[in-house]
Amino acid sequence: MTVMTAILPLVILILIFGVFIFMVRLAGKFATPKVTHWLLFLYISVLLLGTVFVPFIIDDPMSQKGMGKVVDTDREFSDLYSNLNKGELDQIDAKYLMKESSFSNYQNQTIRVESSNNDGSQILIERKAVNDDTIEAFIFGNGLIIDGYDFSRKLKPYHLELMDNTLTINLPHQQDINLLIAKADFPIRQFTGESIINPSFSTGDQVVYLRIPNNLELIAGDHVFLEFIEK
Amino acid sequence: MRVIECTDLTKTYLRKIVLDKLSFSIEENKITGLIGRNGVGKTTLLKIIAGFIKETSGQVKVFSERPYNNLNVSLNSIFVDDQMSFPPAIPLSEILTVAGNFYPNWDRELAKRLFDYFSFDPKSYHNRLSKGKTSTFNMIIGLASRCPLTIFDEPTTGMDAAVRKDFYRALLKDYIAYPRTIILSSHHLDEIEDLLEDVLLIKDGKKQFQMSISELKEWAIGLKGTTEEVLNLTDGKEILFKEYFGVNTIYAVVKNDFSEFLLNKARLVGVEISSVQPSDLCVYLTSETKGGIDDVFNKH
Amino acid sequence: MSLTSINLWETVKKQYFFKLKANIDAFSSLIGIQLLALLFSFGGVGSVGMGGGNFSINIKYYSADLVIGFTLLWAFVTAITITTKPYRNHDFTFVTNRLSSSLSNILFLLTASIVGSITAILAGNLLKILAHILLDGQIYSINTGIQELVMGVCVTIFYVFFVTSIGYFIGTLVQISKLFIILIPVLFFGTLFLDASMQKEPFLVNVFTFYTMESALSLFIIKVIVTVAVFFTAAISILNRMEVRR
């Protein structure tokens, strides 16, 4: 891709020049060329070249991992949350899982859970049946759905840090996501029914789901609210 | 065949009558001069013939059809004046090409040669030409198109004397080689006298007369002599023009219906007999003022 | 000299090619206007922002909408221009009658609509490339099928041609009397404000949505074709009575 971007401008220039000269020769038989004719040919050449190169620079989210358009975002969200609350992680679509990690060999009897999020993130706790000294952590996000397409991979998940006996949930630094989206023009939209702005957003919330050993005692830090899952 | 036939042609603008029941006809393949004072309706008449303007009443027939909105009349006629407009975006050489596309009789060679003769730049544009050059270029289009009806309305506006001479000569030569019906409206009757075959004189929107140039040359007679003798001779006739010289000499113009005998008698008495130039005659016939310009400067 | 005859269609054809040459500057102004539209589209033709907590999203939408809008404006002005006296007089220097003059004008406007529409839609592609290069962002696109491209161009041609018919008609009205220059804007804005003040949806808005909200392609085409025919026919019959002063 980098080689491409390097020679691209040169290729463009040569191609424009070539098409340009050809068209001028052709039109010279029709009428005496004026400045306007040169301008027209130049412009059309540039446009044609642009059209040719456009597929190379466009990123089509549809081709990403075969993800299709999400049609009914509301229903999907409610499914997600109900599955989370029931602890049925297998039912949840892989795209909602942002990060998976585990902390093994945790010997302590208690663990303190802190969060740097003053608003209080949602933390779900599932007590395992066994005491294997392992804490499995899953971070689920409700994704980033824009115009029905999935941009979840743009979001940075929370960062879990285990130090001594404190598990800290760190929010990533301020995340500013800028997206450039190409939309269809209004003559096309008139018949496909799209609208120019389709705010089918999600809020970018994330849920921390912890599977803890059976006997582990949890101490909630400030602003931390732990929800226990009854399986 | 009558190329143009007008019967009781009337044209009014708001409440002014410009053409008043004008009736005349023009035969095929003749050069006719359309003469008259400024504002007498010459241009209006020509524009009606060309189909630009509608008649208010009466009948106009060009090639036996009504010229207004008529494709066939438009194809076989061309109207050349100094207002001939060309798109500013097309250079001169291309205008010639365009004209060739429209007119079936267009002579490309002639147009090119005239174009070069008058030193036009193929790449320049019509709206940048000087007045004289504009008229010259328009004239080239008019000539090279070889339309069966070619109308020139004051075609020599702005042309210098040399170019005017060239124009008349070119017109005559091409007309002889390729005859067509030509109407020439001009103020310089004296210059085009030798070119014309017929003259159509318009006064006050009406036809004053239409006759051949040779007839016109003989139509009136100029008498110069003592006041008594001249007034004697012209008694009962309409004096078209008179001018005083010195104390007792007068020059008068009257219609020439004198017998040879009377003229000889006049010569014996000392009256000078001269022919009257058509251009002067037309001026006298169309004059609207009584007396001459000198009267403006004479004290009462 | 023997007389030749000609039929309407031949005259229209000759005039059409003549007008392509004569009005070539209309196309250079098309380019200028589209480049201007591209400039304005640079920050996106629409944008949405959202934020919450430590995370914000800013989306810029890119499409050829603005370029199409400017092209519509250009088409409108071009149509009015060719009804003015100097342009009508050009025809009468050569072979014409009033019907052929209008027909060749319509053909020219159709050509202009086609050229304008194709360049407008393609300019949308150019916009995406420029945004990618100069704003250094990845562009995401939802649908780029050939079928949609072709349909987009066709529908745009209909819109642009529609606008030219309105312009031609208005230009013709103005030729009848200069009063229309005042009358038409007064009527236009007058009905807009009057209806709005009476809390009624303005008549013109209803007219607008009649065309733009039509989601059935065949109905849309019929609506546009009929309207265009009405406007052009009206203009032709008016121009047919007009004298040419030259």
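To keep things simple, chains are lettered A, B and C as they appear, and every chain counts its residues starting from 1.
Here is the rule we use: contacts are C-beta pairs under 8 Å (C-beta built on N, C-alpha and C of every residue); 3 or more make two chains touch, one makes a residue touch a chain.
For each chain, UniProt lists the protein as follows: B = ABC transporter.
None of the values given here were measured: they were computed from a predicted structure.
Taking the mean of all protein Cα atoms as the centre, the chain whose own Cα mean lies nearest is C.
Taking each chain's centre as the mean of its CA atoms, B is the chain most distant from chain C.
When the interfaces B-C and A-C are ranked by C-beta pairs in contact, the top one is A-C. Centre-to-centre separation between chain A and chain B (ABC transporter), using Cα means, comes to 86 Å. Chain B (ABC transporter) and chain C have CA centres that are 48 Å apart. Averaging C-alpha coordinates per chain places the centre of chain A 40 Å away from that of chain C. For chain A, residues that reach two or more other chains under the stated contact definition are 31, 34, 36. Of all residues in chain B (ABC transporter), those that touch two or more other chains are 89, 94.
Residue positions of chain C touching 2 or more other chains: 21, 24-25.
Those residues of chain C whose C-beta lies close enough to touch chain A in the complex are 21, 24-25, 27-28, 31, 34, 44-46, 48, 50, 52-65, 68, 119, 121-126, 128-129, 131-132, 135, 137-144, 148, 151-152, 155-156, 159, 212-215, 217, 220. Residue ranges of chain B (ABC transporter) in contact with chain C, taken from their complex: 29, 47, 51-54, 63, 69-72, 74-76, 79, 81, 83-87, 89-90, 94, 98-99, 101-105, 146-148, 178-181. Only residues 31, 34-37, 39-40, 43-44, 46-48, 50-51, 53-55, 57-62, 117, 119, 144, 146-147, 149, 151, 155, 171-188, 190-193, 196-197, 199, 201, 203-204 of chain A touch chain C when the two sit together in their complex. Considering their complex, residues 1-8, 11, 14, 17-18, 21-25, 86-87, 89-90, 92-100, 240, 243-246 of chain C touch chain B (ABC transporter).
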